[in-house]
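For clarity, chains are labelled A, B, C and D in written order, and residue numbers in each chain start from 1.
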């Protein structure tokens, strides 16, 4: 797909879309990359009191620099707690954490995520990926799980090669049957083509908004399973000048995230 | 416990025994004497890490990890080591480079967070020479905690319903009070824990500044514990402010004084990571031959970690990394 | 789980549900907003402690316990409270004096350590008006930890084979990995936790100096948490040195500024216990009539804790207790 | 029984006997009272590197003042760790703690201790006692459990009214069958009449030494069950002048322990 504007990059659009999902006075365990840029943007705009937690142990920091690692010095600046991973994960398990943001190599219609391996045989992976890290924990324990994904047919698949982190598994009731905490599960997927939610009944992925210039045909063609569409499919709001300004000058002045490939897509 | 119809039956291999009574016997005989445990990294690796041992690293991949000990393990061609791949990045890169491990509990390996994937790490893990069992970060971390608490397992609500569970060595259990389905993660007692700290005394009392990740539990769970430290301090520093005692001496077997011991990683409050050198690693890994030369240059052909520091960074760069560090002591 | 032949079948009553899903729903709706939570002790008790609630006190009996809140509970004639008798001494004495509890998880009550037994505490517990369930200190402490971890139980190797187990509400389970027999202790989520600390900010970030006993787990396990503090400080104190943050603000519901809030108990680094006054208590308890007058004098007939402080100690004595304290800040 | 000397009190004799049981470079969780006085004495004489732990969280302190409470300021002076109860109990459960010292209202031939209630009906106690506190935990988890007891027929009973803390329970193999850690159990009982150990086979209490002036008849008469006697029953060593000096001037100058009733028994 092609964005026809030159004002912002696709990555910037996605980050702003992600930021708009984070409410003020809520807790969120965030990983590095676009989600963290989104959380920092939210903190500097709509959610000044968003409590950011890092799985490695930093709680409620005031971020000065975009972290490279979820455990690095940048995650600990002015933190209220220099804790441990078990403390953060136990807070998630106790029910204290509202949001988490994940990514993955593959996702299916129920929001199941794969970040472990590509191939049909676990013992002989075509591609060995990192594994769960904290992703499975956060997808299991946080109230609302969000994912940012490159949207194409190899990533949005009918069946992921390996369920690293649970979405709605095989569908309605499956999480609860597996013993996962009731009321949790995938909430939003912010892809390079649109913003998806999940149908309350069927738990299947449902398009809520398409990015400017993206058609239903585009997104269908880039998805390996049947997508649902909300009664009213919106256009993803474009970044405001203020958002872009803060993003480029305060959140990621070095272009760690904004400088990545997606930015080339501009124009 | 009997598993229910249609439930996932984990098939993963359990590499270390979670038997608490055997572990108790070991800890019963571990000395509580306050003796001078200072030694060099080569001495510590020779004394406490043996082929076939199961090892675990503290820190978080490229943050507060014990680079010097990992280089020594590779330099001395240790083999058939078991490894706990708990949120590992550059530490795993080093061990994979040396092909020193043949079994691995995996929560996070091969990946380098924002830095992408390790090409050599991938080749190594795709070669089929390493037996693997899957976990999540919390699941594997709670395995240390179970060992630290002296119980054979801890219940948890993670991994349930996933293939991560299927290829783990966890067990599904039922809560005796509410009937809630839970995962039981088995206690993990590494043969050797390897942790880098900010300050330590000669007996092993150790101070970690900033987040501790899973190191406090790892230190308790490890049968033998090697501590590398940026600075040596008097015991009185700990007695004056026990909040500094992250690890008490009776858990520690070796204290190695290694300034910049987390290089090229980040040491909070001390120095930032050397992103240039870390990028150099990933680049070198892309071609096997080139990488072999890279390893000779930086590990096999150098006598010790200090030489590596000079080769890879040098005083000026190290000073620069200090200035790049964002956390300042108050 | 099925119990084996001849095994002890615990008959104790479980006073609080260990259901983790219900607890999660509660914590989901607990505000994470950083708001000014300062209020007076009477306001806090009126707002957060209701008849029938199950309460738990931090500290250790006569050390760093929240005397002011306990006096207010008695003064306002709360009734039918459940209580976690975890290593309680003078705190239990106060609650027993007010006869405010009707059920109690017991690890340690009635006793006063080196100070002997509480005559009134004994009369109260021998009267048959309080339903009791037995635990050990570790067992009851691990119940807080289970709740803090968000799991319905934790396995343990205590209480096994004893009558403490028989009259507990624990369950015998089998380790799924080794077959080891274990005790499962159920998660305990108190309705209200009451903890006295050294420093706190207006949002509830709290600092405990010295040993924390079980308070860090209790703070996490408690649905509502009342913190009383010797001093109010700026939030920046915690952000400058997070090692000071024993309890983060999002776990706290009320912050009450109560200097000498642990009197007549010991507050490490601040003041020592008033052994004369504590002896006066025990003496007064020996005769019921005399004790009734004692309670009127010190609790029922006084408007607040500050007045009690003046009556029982007075500025001179309080200064003396500061000089008797052995732990000094460095 | 009567001690015929005037040089030391019975309490002092017991404290010195207890101190002599504590080895150097070992770990011990100690409660307040005579055991703590013994531990302090040992630290100042034969076991300078004895690591004292308190169940409330203090680890490896250098004690300056005899503590009133196991959680008080006096337990924390110059400590290496200002920890928590769970940390100390978990160290015991992990197998790191060699000794503990308990007391109780009743003890039986297998070293089972009662500190919960006197009477035949738990729901209607004749006397309600404190309960386990940490005693059950320490008796379950530490390698060697010691007890100090007033020795009389009401305390050394055939069957304790309530097993608060496990000794050898019903005899050989019972602890292991109950799930308690192998190799643990009662080690010594230091009473007002003698020092008892436990027969390795039968796990029954066995007299190892009698205090000066105490006869087998005395101790039999004061015991509600059949006592075993070691092949060679010694006389409990009398305190040395140095021990008494340190005890009275450094360990308990205020007579918190030494000043208690037993001291009146002197002469």
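The working rule: contacts are C-beta pairs under 8 Å (C-beta built on N, C-alpha and C of every residue); 3 or more make two chains touch, one makes a residue touch a chain.
Predicted model, so just to flag it, every value in this text is computed and none were measured.
Contact with both subunit A and subunit B is made by C. Counting C-beta pairs in contact, the pair that comes out ahead of the other among B-D and C-D is C-D. Centre to centre, using the average C-alpha position, subunit B and subunit C are separated by 38 Å.
In whole angstrom, the spacing between the mean C-alpha positions of subunit B and subunit D is 41.
Distance between subunit C and subunit D, defined via averaged C-alpha coordinates, is recorded as 28 Å. Measuring from the averaged C-alpha position of subunit A to that of subunit D gives a distance of 59 Å. Counting partners per residue, subunit A has 76, 82, 93, 141, 181 as the residues that reach two or more other chains. Counting partner chains per residue, subunit C shows two or more touched chains at residues 20-21, 150-151, 156-157, 180, 182, 243. In terms of which chains touch, the assembly is arranged in some other way, matching none of the line, ring, star or all-to-all patterns. Pairs of chains meeting the touch criterion are A-B, A-C, B-C, B-D, C-D. Those residues of subunit C that touch subunit B in the shared complex are 1, 14, 17-21, 150-157, 171, 173-178, 180, 182, 184, 186, 240-241, 243, 330. Listing the residues of subunit A that touch subunit B in their complex gives 32-33, 54-58, 64-65, 68-77, 82-86, 89, 93, 116, 122-137, 140-141, 162-166, 169, 174-175, 177-181, 256. Residue ranges on subunit C touching subunit A, taken from their complex, read 20-21, 23-28, 30-34, 147-151, 205, 220, 235, 238-239, 242-243, 245, 248-250.
The touching residues of subunit A, counted against subunit C in their complex, run 25-27, 49, 51, 59-60, 62, 76, 78-82, 90-96, 98, 141, 143, 181-183.
Interface of subunit B with subunit A (complex): residues 59-64, 85, 87, 89, 106-111, 113-115, 117, 122, 125-126, 128, 134-139, 141-142, 145, 156-164, 167, 172, 180-183, 209-217, 266, 268-269, 272-273, 275, 325-327.
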